[in-house]
């Protein structure tokens, strides 16, 4: 077979592990693999490079993607869909394996409907892809955020401060939930619910009465807090000119409120892009490798238009259309766990 | 409720996270928790200590167990079962939550049949407990082994050596499989199969022909290798006087054979106890916390004689008898993955 | 002897290692140690607690300080000096060992002149204390910043971005210099010099011509950049109401300029408080232990009014007055190294 | 200038950082650099490869050496010295920069006396090179050993065991000393002294009486212990057929004795080759970079026959002959520190 391979959207840890798995698995079956460079942008431009054992040697522990990525959406480019279909035919590809998140799924869904044989591997630090327990890059992001919370804990305790940690997670609070539980946060604020400022103040005061003169709050970048006057505090809608690092986001806004209302010393840390990069955890490497191998297997079984996810210990295959239709938000069990540890 | 809590068997990372979750969750529901010290040994002796929010504060990121553990089996002590039942009644416990592996499950199974209300939380670095995708401590052990393999990779490549890494895993090769895939091992030898020495030599030679003058082999402590004369190479049956660190184990034996047969420079590293200790990964902390919370929930639902495991993203509850009956060994999909990356 | 011990100023990793070393060393010599809580604030209030082997057991690998700290300056409190001297006499202390940075040195200098027997151990993540090669906490801060730069590298490369990392370092650029060299930064901007914006744009363009479509800039929080119109870009003087986390600092300002001038996609990460916390590196633990032991030795030699620093492999003792007089800024050799790697 | 560059002896972390620094610094000065492959073995065979910015891009955080290494001594090969001198002339090199330890220094000393312009950069995990505070690779080895001791601590405490950690360090106990202090070991056994078994038993018993039912001992691979009958326990002289991994070394021998004599449960961990590999610490990267830059500076100043070391914060230059003459063993101050923490 002739396989096209691209990594789309924001980068995360584990992409190279997935690339290596696809290439090794395909070559073992006698296939050839062509890497599309810079994600969907490269697909629009027909940029590609043959991938060999040598080119993918030693990349397993490395963050980023050797194929590059870019936040370009061919559906939003005039004539983009036709261009991509033309390049696909010109390269005589039998299948396109695309490693991506929400945006990539939606693009793949359209191409699949246009008849292009396509298979998706879910990756995003946000873990909000439907049809898989975990997405590639999530576990690493959680580990990085947890390491940061561990560090902030000792400072919070020594200085008797409230520490706010703003983590990524636009539509789903998975990173905040997992790193908040793992880091022992005293409150976890996710986009799925609206939180009351007076409830947060109460946690700080209740802890203080127990002699715990510090608190750690983990906040998703898109969390919302209701003030006493009913107004909703959230990251300003106007996007920052740099794109997705929203300086002066919800973390800072919440910090000002809490300091004003409780008199506690508050400090804010915005983790930002370090959540996306660097060497993947063992969990992410195993996940990426399994999904990469599964994608090639699916290609040989001619099961196109699907996404290869994980369900417990087994591979789960779902139509792209179905996975693209909804987001996987945090399940209620976790909110309950959060409440046990509040205060 | 009055809850007894113990950690049994060999220690691993994440036990303190489970203890903290049980205590916090129980206290929030108005329960009292008594920690049984030194595992089943303490249960035999009736040693216990009340556990409070204060006593479990700050233990989340710590390895080991504040309750202590010991490798004592009450079923093998004369009158042990009766002693334990007596202590359980004397303490007026409503339930015993025991965090343990295979051995603990078998003990719990007997006590459960004798009418003791008991709930198990699966923990073992080996991940061989039936009824759960993952056991507490496994992810941390895999991460430690993967970090070690990453380090050995650079030495192997610089010196053109064959590096053998012996990891734990007595009956199931999960640590070897996951860390081998995550570390990019060239062969993964697990107890579930018998491997051929000539196949292993072939991998080294094939890689050498491709210009890859080094190899990394990950070996479970109980792996078996068939020599050309049909003899099976394995860790000597005679247990070392220290207990479970078997000096001169399969890693060393295999190293000697490979050096003799291929002429390559071979080095052996036995990871040993570092796989059991230290701060747990975020994954293990979340898992331990969820299972701890679930165990208290089950106690309040009076669902006794069960083990609280994880199935994908959800809690899975299974009768102890069923979980104690079999071991979860490595599923065939992983052997297939291993083969793709061999050589 | 009766030894008072306090940790002053902002916290950092390694304080507990220093506390443990003082206590163990003193107890072995038959001394008693009293911990002053919450830094100079506690000294003003006469708050103290006896420190024992048990109380300092297990604290070596922990960040923060079990004694607490606070940013209170007794010299700026009415009657503060007298209060402190009175508490010192009332406690019948033979010596005060204070672990602190620049501020603590200046306070200690005044108390020493007033006749109080005092010995200082230098700690600050900024490494700007005169009279020692390294201060406690610096190596850990550098390691954390380097880990972050490693992570950002892969994202920068995958997305072809300019990544700006803002690190701490108010008067001296040591963290930026060391982490910038260790992380392979393409420019290192420290407070000791003024940098030209056109020089920074040139680096980005030159790298781009060589096919390196990304760059990493490490910036000290107090770095200054000269714009084409001669204006100096720096962190706004007006202090943020939270204290030392200056939101919208030099990193962000520089990012906006570079994006405007080069058209490159720029992302900014402000590391903030994670540089101060968490488990210290081995280097910081050894340094803190050595200085703690040395401080007790000096006390027994009645060498008061001094700071115990490190000079190569040996302990160096300097009068507090001398060390308090100047700051140790980055030596020129390092700027030269930086230039070699620019672009 | 035309610079030859080789890495000799056992590998360690930070070699690639040194290579990168030499190449970048040299190219900036208009020089050309030729990498000699596989250490002195490659020099004997005249194997070399031109080194460019591209070839050294991205190697800073990687362990190992892109040039390869081998334990071959040209002084012990018939006609080896002449062969090397001939290759040096044939390549028309102006200087050879060799990154190595004790063995490399002795070889360099001979070549220097024969008139070859040569400059050394000290590297060895053992830190036993004369003329420098620290050697490249030492800090990383110490950090790895400290991380391992941290992990073993929690297991030791949970199971009330004596844990023995055998670390590298053939002639000097620097790794044991630094990691032992950093990891809070209860005894540190180095090759520089002979230790008494009864003293070690006394530590275990004394701690046990204080309620500390566990101990951690760090042992250099060449430590010696005197038994009650006067016999000296040490790693068997007969070298293992694999080379430097001595299975059944002093760690195991000591473990058997202590278990026999104290009745405590003892476990032994031999860290082995993981101390040599993987990503270098920030400290090692800065050190390697500084020494690499200094070596090129020295070449341009025509200061040949020297070693570039570190003395506090400054570069120190010493004649190779002098540095090759002695080993830097652990200074007495550290033994004193060790004793404070014993038991």
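First chain written, first letter: the chains are A, B, C and D, and each begins at residue 1.
In the analysis below, contacts are C-beta pairs under 8 Å (C-beta built on N, C-alpha and C of every residue); 3 or more make two chains touch, one makes a residue touch a chain.
Keep in mind that this is a model prediction, so the values were computed, not measured.
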Which neighbours does subunit B have in common with subunit D?
none
If every chain is reduced to the average of its C-alpha atoms, which one ends up farthest from subunit C?
B
Centroid spacing, where centroids are CA-atom means, of subunit A and subunit C in whole angstrom:
34
So what's the Cα centroid distance for subunit A and subunit D, whole Å?
41
At what distance in angstrom does the C-alpha mean of subunit D lie from that of subunit C?
29
Can you list the subunit B residues in contact with two or more other chains?
150, 153, 279
Pairwise, which chains touch?
A-B, A-C, B-D, C-D
Would you tell me which residues of subunit B are touching subunit D in their complex?
10-11, 13, 15, 62-65, 68-70, 144, 147-148, 150-155, 157-160, 163, 241-243, 245, 247-248, 252, 255-256, 259, 265-270, 272-274, 276-279
So in the complex, the part of subunit C that touches subunit D is made up of which residues?
21, 24-25, 28, 53, 57, 60-61, 133, 139, 142-143, 145-146, 150, 153, 178-179, 181-184, 210, 212, 279, 281-283, 285-286, 289-290, 293, 311-315, 331, 333, 336-337, 340-341
